[in-house]
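Look at the two complexes coming up: subunit A is in both, with subunit B in one and subunit C in the other.
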Partner chain A sequence: MNTYYAANLLIYAGVDIIAVLALNLQFGVSGIVNFSFIVFQAAGAYAAAVLSMPPHTAADYSFQVYVGGYQLPFPIPWIGGALAGALLAIPVGLVVLRKLRSDYQAIALLVTSIIANTVINNARPFLNGAAGLALVPQPLENQVDTGTDNYLYLYIGLTAVCVGLVWFLAARIVNSPYGRTLRAMREHELAATALGKNPVALKMTMFIVGGAIAGLSGAILVGFLTVWAPSTWLYPETIILFAALIVGGRGNNLGAILGALLVPVGFEEVTRQLIRMNIGPPNLIPALEWVAIGLFILGFLWFRPEGVRPEPHRIFEGSPEAELVEHVRTA
Partner chain B sequence: MSAQPERERPEGVEGPMLIAEDIHRHFEGMHAVDGVSLEVPRGKITGLIGPNGAGKSTFMAVVAGTLPASSGRILFEGEDITRLPTYRRARRGLARTFQLPSEFARLTVLENLLVAAPHHRGDSLFGALMGRRYWVKDEERLVDEARGLLKRFGMSAKESDYAGLMSGGQKRLIEIMRALMLHPRCLLLDEPMSGVHPRVIEQIQFYLQSLRADGLTILMVEHELHLVEQLCDSVFVMAQGKLIGSGTMASLRRQREIVDAYLVG
Partner chain C sequence: MSIFAAAFGFGLVSMSVIALAAVGFTMQFGITNMINLAYGQVMISSAYVAYYINRAGVTIWVGMIAGAVFGAVFSFLLNRLVYAPFQRKGTSHLGMVIVSLAVSLMLANLLLPIVGYFSVSYQEHAGSLVRLGDIVLTNNQIAIIVLSLAVMLGIHALLRYTRLGKAMRATAANPMLARNCGIPTQRVIDMVWLITGALCGLAGVVAALNSDSFVIASGAGFLITALAAAVLGGAGQPYGAMIGAVIIGLVTELSAAAWSPEYKEVVAFGILVLVMVLRPQGLLAKRGALAAAG
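And now, the complex of A and B:
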């Protein structure tokens, strides 16, 4: 296993962990079935790309057309990616989350994802259409030689810092009284409303926070890959993230991380190894990967719907159970 | 969202707690509530009875804000709340329970109560991000308050159990306790005794009486007439979307029209 391969694996793991943590805030904790999640990651990637690239009229870049091209230094493209995800969440959330019932919200968001992909695919002057963007500058490429192992370590480090930051924010939200209110809304929206909670405000907030985190994950990914095109963010990508969360454990940040490592990273790796072994006709293994992911989701929903790491059972200090545990420990 | 009180109780407001003026609610030509006007007195338990399909639950939903009124006005403590969304009515002190169990199933019993607590510093995105130290005092105060309620309702031993695993009667109690955590001034109860074991019915009856003794105003829909007779100070009768009578149960039993419509069946 060479360094590039290992770095690739770690950075993908980081990006997927960030994405699944965001999806956990939206779906696992708040009950928003965001089937357009990948669009927010894509928005962050595109924003980071056009913020860091030179104008499309520049030499070497004239084979593509796109808006922007500001050549802004790191970390502005990453911050811009997060902002783009958050900003996109406002109009989408206002249209989808206010009036529709939650099952219709899911369908509306899935359709949003397909429409967004089709539009970007066909509107070439905006973000270079189906061919996508290439030669996206990497963070700090003017300061550090991007061809070295050291740059890979640096990129892994930057990704890890972002993972840590997102984990910290997600933990604060999930373990707070605010997180409890979000979980109550997920369980019974009408009852939460009757207790003075404003469900539209709660959902919009989580949609925007999740959008920002998704945008950041896209920015990290595009900085590493240096290319981004509509084919990288088709709606099934969202399903993989949902699978990760269902397998890992909805409502549990640790479960989200575990799921991210098991499903997107684990499945990709197994598939890659199987392809190398040349089993069956070409495309058999990638196609079987989807079958396996589908079976995995069904299997977990059937046999262990709470996932590998279920949502924590919150026992308060001074409760009969807590005292019993204390008693056993001292005895 | 932190649940701040939107306005303090206006000084010296007396008279009825809740006034409904000519409330209509139509569903595509069907008049579920058809011109109901009534007044709910302070500190009393008021009953709302009527045969199935009379429009009682629809009326309650309109008062709570879950369904908008097609026309008419609702005054709560003298202020027009007709256009306020449900959550704002709740923050003003108008709490409700539901006809069907509506517990937060995957939250513990104690958490169910804590969700309802207003004025919690940790119950906003900002408060959450500030961390535990920022809101832990509020949390401790509210846990104490919630445990006080659990004790009063005899459910202390269940505080760490998931609410979804409780019995029908216990879920009713959770809903009532949860509503009480809001410090409501008026409680709307939609069939609080339905599907509940007779022993728990007695319990709920006892608690409702003690809440009245504390000065809480209650408007309740109930089918069991002997319970209404024992609990309610006055009663309104609805049939086919209209109010057809009011008074004490004893006086209602003497009115022929009402007896025909409902009491005999």
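And now, the complex of A and C:
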């Protein structure tokens, strides 16, 4: 147990919390089954990478090919990552969210995720294909020595600031009248439409906001890892985040954070310990990890569909007799 | 022009493979109201069952039957043990999509330690070449086309001329009404999973035979082409899926000849996006034997 290991754990936890909070806004609060969530994280990571990297003709970078290479200082790459996630959400959302039934939306997004990975994997000149990008500069590396423990603390701090910002934003959305509208749409889209709410506009907004947050999480991750490749954003990665949300509790931010700590972070740790014990053939434990995640999803959907921390029942406080008002079950 | 004639020949094979997969997928959706995202994984599992039988020295055509039987039994059990209980519990449509995706993930990773990461292929002589003008096909490819045509005619006969087919169409249109008319919908749905599971298994072996080699990850590609054909034809419509398979099969092979074979699935995806923007209900929205429920 050294500092790097602990920092690794904390930064992953921060990135997962940010991602699950974004997915909660989309799936938990608005009911959009975004099976291509990881693509938006990847878009943010790629954008942050090419914004901070030198052109691919530079001396140490000539072994890879990619577009861009602007060498922009921190925090522009992180902002750019969030922007990339938001921008990508616009065309995808316009195709998927306008006319399709919700189950069609889910499969269209799943297929989009698989195809996007195939395209980036095969089209090498765009983002270096299957090999991916390497030697991505770390934030502030010209100002601070990145090899020290202090830099790790700095990175944890930057991640924590982003977690705080995203949590604040998510809390504002969930607890506002706007959040109530989103929940109304999730529970009964037709009824919400009849009340004059525009479900397409609501979904598009949440798709773009979620895409921006996902992009930010990717930017944070790539700045820490300094590498990014198609194999890091295969579609099952999205399922882990869904598992986190289902286990933690859909529709509320505390549940999302709890889920992020239990599933991606917890699983990763248990797997790491099991691998260290050398049980069975290599790759058996990682494969069984995925099986366990599938079992977690099925088990929770069967025994406790509302998750460890259920969405609180919300009661209209303006009513004089709050107890008499029928509790609106939003779980 | 001969490269396009050859591509047309491959398109015939391709559409035969896709049709087998897409018709099974779309019937599951149309009759049992289940978008089974584990379909591609069951296909590849069946392909591996046939692979192990083939490796023991048995011809792949026998392995194909074993793959179909495995697909049928597995799909039947999958519905009985997982999907049906969740549906009875009142899990939402979207919840069921997530359930099937979780099943798909588990299936792939249970299989992975058993079959390994390396790509494998069947040991089957491709047979002698048959020339029809510029179109050159192997005996195996012609067998695939004939097999697929026979199965499509069989599905047509089943839906049109048998009591079971009529009961399936009634169940698809309105399960409650069908039950009230004395149709044993539970048994009909069991039969649907057995039949579509057999189609799925058969399609998996045929698709694996038609590609040079396959790995576990091939299942996702199988699923995408089947989905594209089913959605293009109008989800839940077996005849629509057949038309979808013809279009997707031809277009992907012609584009592979003109452009790059790496992007076959991307072309299928492009067609899918166009359909979703221009005609989300698919080509056969109002016609066809089975209306999409829900």
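What we mean here is this: the second predicted complex is superposed on the first by the 315 of 331 C-alpha atoms of A that agree within 3 Å, B and C clash if a C-alpha of one lies under 4 Å from a C-alpha of the other, contacts with A are read in each partner's own complex, and residues count from 1 in each chain.
Please note the rule applied: a contact is a pair of C-beta atoms (placed from the backbone, for glycine too) under 8 Å apart; a residue touches a chain by one contact, two chains touch by 3 or more.
This one's a predicted model, so the numbers in the text were calculated from it and none came from an experiment.
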Original post:
Just from the overlay, do subunit B and subunit C fit on subunit A, or is there a clash?
Top reply: fit
Original post:
Touch check for A:G93: first (subunit B), second (subunit C), both, or neither?
Top reply: neither
Original post:
Looking at the overlay, what does A:F35 touch: subunit B (first), subunit C (second), both, or neither?
Top reply: second
**OP:** Go through the superposed model and pick first if A:F242 touches only subunit B, second if only subunit C, both, or neither.
**Re:** second
**OP:** Examine A:P264 and indicate which partner it touches, taking first as subunit B and second as subunit C; both and neither are also allowed.
**Re:** neither
Original post:
Who does A:V119 touch here: subunit B (first), subunit C (second), both, or neither?
Top reply: second
**OP:** Kindly classify A:G132 by the partners it touches after superposition: subunit B alone (first), subunit C alone (second), both, or neither?
**Re:** neither
**OP:** Note down the smallest distance between any C-alpha of subunit B and any C-alpha of subunit C in the overlay, whole angstrom.
**Re:** 6
**OP:** Name the residues of subunit A shared by its contacts with subunit B and its contacts with subunit C.
**Re:** none
**OP:** Provide the residue numbers of subunit A that touch subunit B in the complex, in ascending order.
**Re:** 169, 172-173, 175-181, 183-184, 187-188, 190-199, 201-202, 205, 209, 251, 311, 313-316, 318-322
Original post:
Once bound in the complex, which stretches of subunit C touch subunit A?
Top reply: 35, 37, 82, 85-86, 89, 91, 93-95, 97-99, 101-103, 105-106, 108-110, 112-113, 117, 220, 224, 227-228, 231, 235, 262-263, 265-266, 269, 272-273, 276-277, 280, 294
Subject >> List of subunit B residues in touch with subunit A within their complex >> reply: 1, 3, 64, 66, 85-88, 90-91, 95-96, 98, 102-108, 110-112, 114-116, 118, 120, 122-125, 127-129, 131-132, 135, 138-139, 143, 147, 156-157, 159-160, 162, 175, 178-179, 181-182
Original post:
Tell me, which parts of subunit A touch subunit C in their complex?
Top reply: 31, 33, 35, 95-96, 99-104, 106-108, 110-112, 114-115, 118-119, 122, 235-236, 239, 242-243, 246, 280-281, 283-284, 287-291, 293-295, 297-298, 301-302, 305
